[in-house]
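Structure record follows, encoded as structure tokens.
We call the chains A, B, C, D, E, F, G and H, going by the order they appear; numbering starts again at 1 in every chain.
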Amino acid sequence: MGSPEKGKREELFVSGHRACPGCGMALAVRHILRATGRQVIVVTPTGCLETFTSPYGYSPWRVPWVHHLFENGPSVASGIAAALRMQKRDHIRVLVIAGDGATFDIGFGALSGMLERGEDVLYICVDNGAYMNTGGQRSAATPLYASTTTDPPGKLSSGKVQEKKDLPWIVAAHKVDYVATASVAFLADLRGKLKRAMEVRGPRYIQVDSPCPSGWGFASDLTLEVGRLGVNCGLIPLLEIRGGTLTRVRKITKRIPVEDYLRVQARFRHLFAPRRQQAELSRLQSLADEKIKTYGLLKG
Amino acid sequence: MKLSIGAVVRGGSSLGYHTGTWRDRRPFLNLEKCKACGICEEVCPDGAVRKTQEAYQVDYLFCKGCGLCAKECPAKAIELVPEGK
Amino acid sequence: MPWEEVLEGSEAVALAIKACRPQVISAFPISPQTHIVERLARMVAEGELQAEYVRVESEFSAASVVSGASLAGSRAYTASSSQGLLLMTEVLYASAGMRLPFVMTGVNRTVSAPISIQVDHQDTISLRDCGVIQLYVESSQEAYDAHLAAFKVAEDPCVLLPVMVCMDGWILTHSYERVCFLSQEEVDRFLPPFKPPNYLDVENPKSWGSYAEEDVLMEFRYSVQKAMTCAKRIIRETWQEMAQLTGRNYGGLVEGYRIQDAEIILVAMGSVAGTVKEAVDQARESGQKVGLARIRCYRPFPHEELWEMIKGAKVVAVMDANFSMGSEGAIAMDLKAKLYGRPSAPLVVPFVAGLGGREVNTHAVLEIVKSARQCYESSIHPLEAQWVGLNAELLTE
Amino acid sequence: MREIRIHGRGGQGSLVLAQLMAIAALEDNKYGQAFPFLGGGGERRGKAIMAFCRLSEKPIRLRSRVSQPHYVIVQDPTILNEQDVLQGLRPEGLLLINTRKEPHELGLPSWVRVQTFSRVQDSLFASGKPLTNTFLLGAFSAITGELTLQAVLRAVRKRFPGRLGEENTRMVEESFSEFGGKKP
Amino acid sequence: MPWEEVLEGSEAVALAIKACRPQVISAFPISPQTHIVERLARMVAEGELQAEYVRVESEFSAASVVSGASLAGSRAYTASSSQGLLLMTEVLYASAGMRLPFVMTGVNRTVSAPISIQVDHQDTISLRDCGVIQLYVESSQEAYDAHLAAFKVAEDPCVLLPVMVCMDGWILTHSYERVCFLSQEEVDRFLPPFKPPNYLDVENPKSWGSYAEEDVLMEFRYSVQKAMTCAKRIIRETWQEMAQLTGRNYGGLVEGYRIQDAEIILVAMGSVAGTVKEAVDQARESGQKVGLARIRCYRPFPHEELWEMIKGAKVVAVMDANFSMGSEGAIAMDLKAKLYGRPSAPLVVPFVAGLGGREVNTHAVLEIVKSARQCYESSIHPLEAQWVGLNAELLTE
Amino acid sequence: MGSPEKGKREELFVSGHRACPGCGMALAVRHILRATGRQVIVVTPTGCLETFTSPYGYSPWRVPWVHHLFENGPSVASGIAAALRMQKRDHIRVLVIAGDGATFDIGFGALSGMLERGEDVLYICVDNGAYMNTGGQRSAATPLYASTTTDPPGKLSSGKVQEKKDLPWIVAAHKVDYVATASVAFLADLRGKLKRAMEVRGPRYIQVDSPCPSGWGFASDLTLEVGRLGVNCGLIPLLEIRGGTLTRVRKITKRIPVEDYLRVQARFRHLFAPRRQQAELSRLQSLADEKIKTYGLLKG
Amino acid sequence: MKLSIGAVVRGGSSLGYHTGTWRDRRPFLNLEKCKACGICEEVCPDGAVRKTQEAYQVDYLFCKGCGLCAKECPAKAIELVPEGK
Amino acid sequence: MREIRIHGRGGQGSLVLAQLMAIAALEDNKYGQAFPFLGGGGERRGKAIMAFCRLSEKPIRLRSRVSQPHYVIVQDPTILNEQDVLQGLRPEGLLLINTRKEPHELGLPSWVRVQTFSRVQDSLFASGKPLTNTFLLGAFSAITGELTLQAVLRAVRKRFPGRLGEENTRMVEESFSEFGGKKP
């Protein structure tokens, strides 16, 4: 098996899956497997990715793939990794590709355990910021003030109250060697991070911002554009954290105000209509400013 | 057809499920404009743009008509037209 | 070379597991399962057992780790008890549906609330629907034997289901008693390496954990039930083979003790059966025709064998160390349901005995016999179970 | 009791159409029941799906799918190639198809009573507005007489309060009169 | 002022909950429960419902949050389905043992593996032992009514147990149909504020969650069973009161439909009963004496009422939308166990129907009737359940 | 209610509990309640503290106390806090007092959820570095190389392989306002931290090193001495972290080599006998050195 | 005695359980040496040292004999002696 | 079958003593069974607890607690104030108490056969070494004759390999001869 980038590129995640048209997550997975190559086993907890790739009789996965439950991806992966070691097959690497709900919420206990034990598993969170598979409920990854079906805006509410759980740094605080954030809008960057992650043994974590036309409320051809806006406004910093320290950031090419990002998504519509919610918008802008400053996201 | 034990499924079998019927817009790739940059192939979530010997082609068996290829094509070589009803 | 030793029931189990050469072990500690998994940890630390031992953060993960290991084609083992078993519920349903043949020990202990570490069968009984085979043992010796048998049954191509060996906490896990062991060669011959029909193989990639629609789902469920039915035969055969190997013959799915001409038959499972046997002997000495049908395999439920044993009796007394709140004990329910409508089926009198560690001695058993006899003699058909040893003074109005 | 089956695609609001009918039934002092067919896992936009509706003078107890519909409504003509929309359709039943084509162009068996629509929405996925469905609803009311215009209008206003409701009631009225319905 | 509306079953439930004025709501989303909890979230966001809505990270935590809220003396509500209910298992056992009277909706859906969102009763049935009262409803109207009743039953001083209203996913939660609502005043009169006998009070500090030894544990278990038994009366009375209030009378723990002279009686629960009633009418029209006994309260199991209804029948056909692997369906088991030994009890024929969303229409019901009649006429007593609509072509050997 | 430090001090955690003689945890709890006063409700997950205070009929808790399960302390506490808010009783504060197993392992998913939601709960981990209630099995809080019954030393093992999970910093990465570490050996410091924590609303976390004579293997009168050695060797730094930054450390009064700490405990015996395991001892010493340096634990 | 509903227990009721029987060593507090610093009261895990009007006293109903008070007493005023067997 | 009940305190190794007896039984070609009484939750050091042992020529099936012991062994005399150590003791049974006191000083009913020990370990909690128990074991063997010295010595060596075993076998031998046991 040569580098999958060169020569005839073999598709390991094939057509016929049932993602919504324009699904960012589906695109992410295509590229994740391009970067890892075929010597991998993938575990996916319940969620959109599982649902759109698991209907009985129709699997787009050309690598061994397992879905077990919603909350146990890291543990199933640990069991596989343990078996591979005993079988002397540990040149085969184990990946978890999981939604943000599985990662930030219900499966986080298991993930934390996996990290703590130091399992040789690359955990990839394809983050669409809500429980999309079940209709877009709040997750801990939902951004501040986004509307979800369980945290809707209303007379007493402007959407989600809490800031997005800062999982990359929480994972890093587990003394994990390789942690990164990526975006579907920057596919080469994503593949590069995957390659570097695959060079490390032990637990690793990559969080991929995966815009979701159905859940975020934008047209299906805007997936990459929305992803780019997120990165360029500073709310979605693309980082590499090694041994607990920030080692690399992707600089913002063209800084934009957060409003440009928010305005194109129905989940933030209530911040603009029926009336503009200035306090909320300002807080989101300063959140972006803060990230830009802390991580040095601007060039020069 | 007999069920498999434990509902195990052959990898890649989704090629038997044609999502092209979901489409309400059809992307037309204008080869004259196309610069063969490969971006459309990169960005298609459904892997429905294929590079053949000759050129990039949309596989209408699977294309869901999301429009991403058209949007991202730097040469504006792809046009979306409504599926005839 | 077989050998004999007096040791803890937990250690007997650990030695059985070691002899089965599992590749992956994962467990989360809970009393009274701890001695089993601690012993295994020591074996791994000393290099006596070559296995990955995954020290997980919960029972949910323990069951998930062995699921993953099983999917990858390795032999895998876990053990738990009480709260831990309840916490595994969701994983066990899924693993049975995925047909993963791992083995686990269900160390019987009651469940919260109130919390207690006392023995009863509520924990494993609560898992009786999920598709995991349940074997119950009476002694440390049988616990040893049953764990060897469990892997063989689980991995049989017509079964491919998880198997749980249920053993009473403390009473078996923490008792010292004589146990005969097989040599490693004998075990290896009895239990060849695991050859899964499918496993996670990059050369032949498959997908597990499908989503099923209403057009196939019922058939998938039915196939688990079919595997359960087939398991009855496999379990019987496995115990026969074991009997040939060891000379220890416990019977098939049900052990009959002094059953032939018995008029009163007790039905029980687990370690209490030993005490019941003593009581049966005492009753026989006093001229009463009493016998015991000990359920050794509760899932699949061996109603055919039970029927054969009890059809000649006048009355059957069922001892349930569990209770389905708002209904009755699970064994009584299964048994009566399966006997229902059989012509001339005997009277069945349900008892709740040994709940929450409440002592069951020969005296209590003889009281059960007496009460069952009275029911028969006065043609009373009790609708509610009798709770043996209930202290009425403690009860509020 | 009248039974209706609706064929559409994920995102086209087949269920909403069924719900509007059920709501309208109450306005006509009847009983209505509307429910989805569970094609489950992956009801993504564009995938062919179904919804059901029952209308009755008496309380509706039946919970099974509609298998012998009096009316079949097809929101998206491309579905004709995917699903057997005629399945179980009663001989006296009616097939309503949202297509500009003429009935005879559709290659259906001759026993089937078909109604097509001269005016069809361009994209059925148009930004969450149920206009196509209210168009169909008005037509259904006019053609079948199962629901009164008044009831339908009330139902639309209930389900879509505000401006959206206004647009849609206008659409109902238009299609109702286009298909020969007479205001009471 | 009472009012009537056509709306989604989920919304009817949400409106019932709102009317009950819970102080704490906590839930984790899972299809098909989502519409209920989303609707409640909207009410809270709009200030229409004054409650704390705790958006937890799992169902384990959802059940734990309502436990905590209940301990603090507040009325609390949660809802779940399928995998979520399985994940709550351990919490529900403990909460019942601690006698916490919260209410939950169990939206019925099958359980993994294979995963599916289709409806059946496997999820709630798996919780039948734990001490949570289970009510099953046929329609959105009954779902609305049952949630009001649930709090009243749960909080009764002689009950003090969690109550779960079980309603079929999709078929009820996602159907639009006519529902009559009570006015808030009526509900307030029906359901006064919750007055817990004990709650977390710094002025009178008490301790919860004791460790119990074998000297008291069995009595604590027994007291839960006693509460279950008492609950039968309370549930009956509550529904009577409800009937007076609303004019809707579903019967007591069991609804009998055309049962008086019925020779063939179907036993079922949940929404399928509506279809069964249609089939019963059809059968009656063709001169067959068929009736339905619909179980409205499954835990506690209403065997007295069932017996009264079916004792005159020739044959009883039980429809189970669940299956205990290695045994049979739970309703059949409960029923046969409780009828066992009754003199001249009718033949009981078990069916598995509606598993994994498999369609049950009047045709299927009439087939069940036919098959049950045949069993009776040919004196066949089937030991294994018949799986209705099984597609044999899909099954492996 | 005046300050519980002054005037007649009322004992809120009374005699008659069943902790082992010399139990550090029992001592910690006495002082925790002294600092908080009686306007609190305590939730305790399953573990030693629960077991030795819950036998039916005999409760040493003079504040309302709940044990529910092992893994759901944070969630039960969240439910109580929610109810108190609705009941307008939220001058009463909610505490969780939990073992390290409940905190670091099985209950961590729930804890992380509680932190993320921002619940007004003070979470106190009484850390004895293993599952003591069940006989001393490994937890994620077990120190590197300590012997436990599930990670025993042996031919292939020197005890626990992983370093202690760094929970205070993981919690801090959840953007929690108040995080502290304390030790039973420094009771005034412990009480001070509790008081400061009680002044903050929202989630707070205090981790109390609680030497355990039975589990660590030392004489029952050495509990405080062992605690002091742990602090003074640098392995148990006493920190205060506010808003994610270190704001206060307790300086080491008299620095000692880690060996002085390890040698008095049976759980480290295998590092000295049958033969001295120099590599392991050196690694532990450098761990301490590192902490001393990072946190500036030395005076001057 | 009747059981409570749900096994609820009165706070502070452990005072009815006397752990003094567990003790195999008995701490004797020598009032002559005692400086009344209160450390013994502070460090007792069982709350078995009480400050009375007059002085610090060990409550032998509860004292388990751990020895912490003796160890930590700065005045060495507490002596442990084996319980007579 | 002989039944033995041992009273001690958490940390004094009552169960170990029972286990040693059961192991020794095998060495005598008998059956032995040893198990704890679950006083559950809070078996802390110092708390009064119990352990049981059965010795028999035939396999032992009984699983209930020992309620009518042939022998009662009390490891710690302070327990006499807490537990009814005589409960169920057979009339012909024997009570062995680890105390320096004379039997008549103990205030026991006159029917009870009592054996005390002139030499008692100072602290029963001495650093995990089971010396007191092996002392009692040797005495038990000598006084009752239920287990041979040889069997007991083998059991001790099996349960405690290495130096610990040596110390303990010496202790067994000492007490065995002190209490009049004769080496075979």
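Just a few scattered comments:
Here is the rule we go by: a residue touches a chain if its C-beta (ideal position, glycine included) is under 8 Å from a C-beta of that chain, and two chains touch if they have at least 3 such contacts.
The shown structure was predicted, so the numbers you read here are calculated from the model rather than taken from an experiment.
Chains that touch both chain B and chain F are the following: A, C, E.
Of all chains, D has its CA centroid at the greatest distance from the CA centroid of chain H.
Chain A and chain H have centres, each the mean of its CA atoms, that are 64 Å apart. Centre-to-centre separation between chain A and chain C, using Cα means, comes to 43 Å.
Chain B and chain D have centres, each the mean of its CA atoms, that are 32 Å apart. Work out the mean CA point of chain E and of chain G, and you get 54 Å between them.
Shared interface positions of chain E, i.e. residues touching 2 or more other chains, are given as 55, 57-58, 83, 87, 90, 94-95, 97-98, 112-116, 118, 205-214, 216, 219-220, 223, 357, 359, 394-396. Touching two or more other chains at once are residues 3, 5-7, 9-12, 19, 22-23, 64-65 of chain G. Chain contacts: chain H has residues 38, 40-42, 44-47 touching two or more partner chains. By the touch criterion given at the top, residues 113-114, 393-396 of chain C touch chain G in their complex. The residues of chain G lying in touch with chain E in their complex are 3, 5-12.
For chain C in complex with chain B, the residues that touch the partner chain are 97-100, 160, 197-198, 205-210, 212, 216, 219-220, 223. Note for the complex: chain F touches chain G at residues 11, 13-19, 21-27, 30-31, 53, 55-65, 187, 213, 219-225.
Within the complex formed with chain A, the residues of chain D that make contact are 41-42, 44-47.
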